[in-house]
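Two complexes, one shared chain (chain A), two partners (chain B, chain C).
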Partner chain A sequence: MLTVPYITNYLTEHFADDAFGTIEGYERYGGYAGYRQALDTPAEDLIELVKASGLQGRGGAGFSTGMKWSFMPRETDQPKFLVCNADESEPGSFKDRILMERGPHQVIEGILIAALATGSDKTFLYVRGEYAHPADRMEQAVREARERGYLGPNALGKRRSHEIVVTRGAGAYICGEETGLLESLEGKKGQPRKKPPFPAQYGAFGMPTTVNNVETFSHVPHILKHGAEWFRGFGTEKSPGTTIFGVSGQVRRPGLYELPLGTRLDEIVFEHAGGPAEGRKVKGVIPGGMSMPVLPASLLDVPMANEFLRERKTMLGTGGIMVMDDTTCMVRASCVISYFFRDESCGQCTQCREGTGWMHKILERIERGAGEREDLDVLLDVAAKMEGQTICAFADAAAWPIQGMLRHFREEFEEHVRQQKCPFPASFEL
Partner chain B sequence: MISDETRSRIDAEIGRYPTPRGALLPALHWVQEEHGHVSRESAAELAEIFGLRAAEIMEVVSFYNMFFDEPQPRHHVYVCTNLPCSLRGARTLLRQLEAHLGVHVGEATPDGRLALGHEECLGACAYAPMMRVDHRYHEDLDFEKAKRILDELD
Partner chain C sequence: MPRITVDGRIIEVPEGRTILQALDDVGLLMNGVDVPHYCWHPKLSIDGSCRLCQVEVEGMPKLQIACNTPVQDGMAVRTDTERVRKAREGVMELLLVNHPLDCPICDQAGECKLQDYAFEYGVLESRTREPRRALKKNVDLGPTIVFDQERCILCRRCVRFCDEVPRTGELRVFGRGDRSVIDVDPDRPLANDYSMNVADICPVGALTTKDFRFKIRVWFLRDVPGVCTGCAKGCNVYVGVANNKAYRYVPRRNDEVNATWLCDGGRLSYRRIGAERLREPLVRVDGGAAQPTPYAEALEAAAGRLRQLVDAGAGERLVVLASPHATNEDLLALRRFCDALGVTSAGAAVVRGESDDLLIQAEKAPNAEGARLLGFGEPGPVLERIRAGQAAGALILGHDVLHDSRLGGPEALASLDAVVVLDSHQSALQRVAHVTIPVRHAAEKQGTFTNHARRVQRVLPAVEPAWEAWSDGEVLAQLGAALGLAGFDASWDVVAASKALEQVQPAFSGVHLQSVGDEGLALDAEAIRGAAS
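Entry: the complex of A and B
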């Protein structure tokens, strides 16, 4: 975190101190106090507290965390599991990595509170395979927590054990989709499952399971310590709390900015991240990881919270903000985006497997100067036939950004077709 | 042959999951660490351990980018070329590395020292351009810096 510009709030407050990553340091900063409090709190009250806080999942979908926890069956003879989704792979997102590297015990404390609330026996923390260092940090922290008795036979009170198993993926974006992750965790290809049944009924290894993102867990100890009202003091009425916005692309200060939800996008891009380089203008901004539709420069005066972003036909996603300046060719950017989805489609559903390939092929043709006028409508037609037609949301995630590009920058696509070449020779190399 | 050490590591890992197969991905990582790739022989051994067919092991191997079913060069170099990195010159860097190494993306140097590849987002977007060399990230690169790192590899 410290090699890039950043702004801190409660999640990242002590990240500059290496000691915060150790158990002694974390305890010195008041760590595990929320867990101790949770030990003496009935499970139902914990769920109610998190519901009252309004915490929404920070992995992209933004679903109420307290609600999710409440779906776990209370009375059951089956073991119950938690999964910490640390398969951060959404292009433009790099916050979970920092949360694991700099605050691993904050993640563990959040997991323990969730385990108490849901009565879970074990947590599988699934880290993307490329994150070797964050996974090492989490394993080290789990060992420390076990030595201190936070994990192990009495983790959830007398004779109620809890263990965290850190498990590593092997390079597949789709394993960030929660049921793709569950398949991968079971040692299979990471192809998403049809829902229902939802993970709370049939999750990891067929047992009731709750899947939460790394950042979501990291917020929980703070809610325990300071209360739901305090948490609601950050952010908007419908989207409380802070989040870590990762800003990348063509700005002066790409970095990590922990700010209240509802902070305006133009404030983040121009004030915190310093705006574009000297003499350049911002052309477009992807506000929430690559799956989310782009916004043109004229629509950046929007609070970064789903209730406002939806009005502009985009979403918060993972809070990964990508900035493109006026040198950037939006057709070229679309090629890069569509290549990614073509490469990462798990191949299970025809609409997605074929659609992502065709979208990329057509976009490349337009960029090369061989596009035809009808291509634009074909693109939109393919996108419409992918959206909402598949087992998981991957096909939507592939369709939305291209729909967004055509919504706001259609004239650039038309110009490519008219000139039969790319009119932006100064754009980044493809 | 999977070594006794790796075998006992796998056996211990199996105990951490409700069904043995949960330990398959970790097992594949360790077998690959030991042998550089997952050979047909290793797949057959793993199939025995997990009570699966060798084809089921290879199905998993082929699904994930990080597993290989053929012998690999000593080092893997991946330059991230996803959008945030591309916006900050990753593809220019990749072209320069191609020229420096005399190979195209997707190829290995003839001496089997390293393979040059590109990869999708590695979660280092504010540190672009970047590359992954084996299991290490190298960030905030320019050509000179990247070249030095690659030239120092054994």
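Entry: the complex of A and C
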């Protein structure tokens, strides 16, 4: 049973029914029909279909899924791999968890279709270590699928096998970055790889590999069943389909809301999630997981799709919406955010290793009442030096939220410096 | 071959290389085209993490790291733009956020890439008010290396070196983010035959060798190109010299020989330049002890001893042992000395020991192959003649023969009428030699060595002995003249001798002191004639 407030659409339609999580129940609701259809479809056509649907990766970067699949080499003697990225470690995101707990076969069906499209031999499903229950659910579903022959020696047609291996992470944010994940999967320290080579050439264990997010895979069976046009009936022209917005923070109904992309942020926050508590006002909203820049209350009238969010200097990310009301100290929030990124930086690249630590130290000093005017410009300058200059996007993810905070709440930082203390009652320890 | 443009200069580069590798291949890196870098090293895998080598590549919106961006025909690279300058400045500022800036007491000062690049590419004022990382100082990583964690900039060259070159993997990065530190596992020290290379490749003062640290400020050192004499590999070195004293060897890059590496044993062999040296000629009257004797008198004593043999037909009765530590030129003089006397029994004893598949060769001398090519081969027959009592005299260069068990110890020579030794170091031979004449070490003279792969490399005088000593070739020239041998007139011209090598061994045609340059030349294997086994 679902225990959080939610709104359903095609992904989550049957999530209230426990049976949907079992293979019998899933088949009863028409599950694996997309897979059966894909068995008789040439791989090129599958890729074209997904390209035509306009499906974008739901792991944060929003890259075209069909395009990504097309990067896998066609003719190769090497085994090819898929990776299902279930490391969901972005603070504010909890959609993949529900997709695995309530719809594990939907994930598996999506994986099988992707395997047919890319000619992959094996899938590694990498689940974040803290997700013990989702990992158990996926393991159970993989066993069921194998018993039915969906996985195993003839999974992709006669004598074309496919297996799914469920592996568990050990609790590092960076293992959600696709090449950090690959390193971790291979048993090494989770550190993103330099590119080139890209995973499609040199991925898991050195083999051609495509990495997709849990939600991305979950959309695929529906595209097979209903077609690209149907899929484009949801969302915006540039961002088709639905997504599951995970709303958390200072709202009345934090929960999971599957809505078409392009749904307005203020609609999600105030109507679906019920807005702030009695007597409080929304101050700022992080629209897509903690690494995305915050939007102030005045800028929430924005459709939740990258083409609109970019105009407001933020992005959809993972769709994890975090709401902060007027009791929140934005300096303290920035401090917490920067602590997270300081803690989680893998430490390879100079800018990220040194920049995350430096930013956190400055923010903590400001919050403790020892800030100086120049600190704000130094913060922005350090953020600029981190942005776009490192092996992976982690440094950007650490820089953007602080840039966003200073863009929209600079006067609050200045007030801290002026008063040489935090003007808010301490709501939590630093 | 792809052509690329770097700052408007068109260069042709090998296929399949990255921008930084290509610049290194054509010799332009930091030598015409400045692309500062820390984590990249020409002989290690690409890491791509220091982010200092960012350049502009036409058609790419973001700056690219030169170390990992493959070259493509027609690519246009700029290393000198404002964006590049800003990016370098940014990296330098961030690297210095946690650096202790203890240059006045840091042994790396003067050859520190952090110091150099901070001056060249950084900003000279610090904006950080935050406390710097307090980490372990003076960490004993093993028998050879001391580590300062605070100075480390985490380029991880040392980690990759241990993984990839000796493949011993002692060093690792522990922790993550700005808590990352390099260290060894408990009870597994940094101890391999190449451990001291980590100090060379460390761009900062984090890793220093116990041997060299705090001995002298590096700006007082003069680097003289030389060749390590520890084994037959002939690794290229710089001899660090000040006040006429050698303070260290550091590897000198030669991609054909030692890449950028040097084994620890070879590196420390610079100590032999100053240790246990033979400083004065010794003359021993029969039955007595060896007495220090002025050079001219000793030379005359040697000539006198040998003259007795010459008069009685030296060719049959004199045996000669060449030293694999002598230069080709010295050995040419010895060859001519033998030929003039009609000596038929000559060889070279070579000390053998451990070897590996990296640099270390079994033959523990720099010129064993050169000796063979000049006719001084396996010493067995020479030693057999001595033991059989068929020799009346011996002319011996060096003392490697003492390590050959077939000699049976120095006493085996005691019954000979004439034992003349030319040596740079003290040894037990001096107890039995009638005359011992000091000669120069390889770091004190000019000459060439032929390494195990028949590459001829030159040594140059790095220090001057503080006592009277000449090269073996020069002593032999004087000795030959004293004996009145044909073609010997007491003068010695090492360059002429080098050019004359081809008269004895045709493979030396065109290969001599003045042609081999700093990196040496390989002999033509086809041209080799009459080499001893």
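In this section, the second predicted complex is superposed on the first by the 424 of 430 C-alpha atoms of A that agree within 3 Å, B and C clash if a C-alpha of one lies under 4 Å from a C-alpha of the other, contacts with A are read in each partner's own complex, and residues count from 1 in each chain.
Quick note on the criterion: contacts are C-beta pairs under 8 Å (C-beta built on N, C-alpha and C of every residue); 3 or more make two chains touch, one makes a residue touch a chain.
On a predicted model such as this, the values are computed, not experimentally measured, just so you know.
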Chain B versus chain C as contact partner of A:Glu344, first or second or both or neither: both
Touched partner set for A:Thr390, first chain B, second chain C, both or neither: second
Chain B versus chain C as contact partner of A:Gly320, first or second or both or neither: first
Touched partner set for A:Asp266, first chain B, second chain C, both or neither: neither
Which superposed partner A:Trp358 touches (first chain B, second chain C, both, neither): second
In the superposition, chain B vs chain C on chain A residues touched: B
Shared chain A contacts, counted only where both chain B and chain C touch the same residue: 172, 189, 343-344, 346
Of chain C, residues touching chain A in the complex: 46-52, 54, 62-63, 65, 68, 70, 87, 90-91, 93-95, 97-98, 127-131, 153-154, 173, 175-180
In the complex, chain A residues that touch chain B: 3-4, 79, 88-94, 96-97, 128-133, 163, 165, 167-173, 184-190, 204-205, 207, 246-250, 254-256, 286, 290, 320, 322-324, 328, 333, 336-337, 340, 343-344, 346, 428-430
Touching residues on chain B, where the partner in the complex is chain A: 16-19, 21-26, 28-29, 50, 59-60, 63-67, 81-84, 86-89, 91-92, 95, 119-128, 132, 135-137, 139-140
Chain A - residues contacting chain C, complex: 172, 189, 194-196, 342-351, 353-358, 361-362, 365, 372, 374, 378, 382, 384-385, 388-391
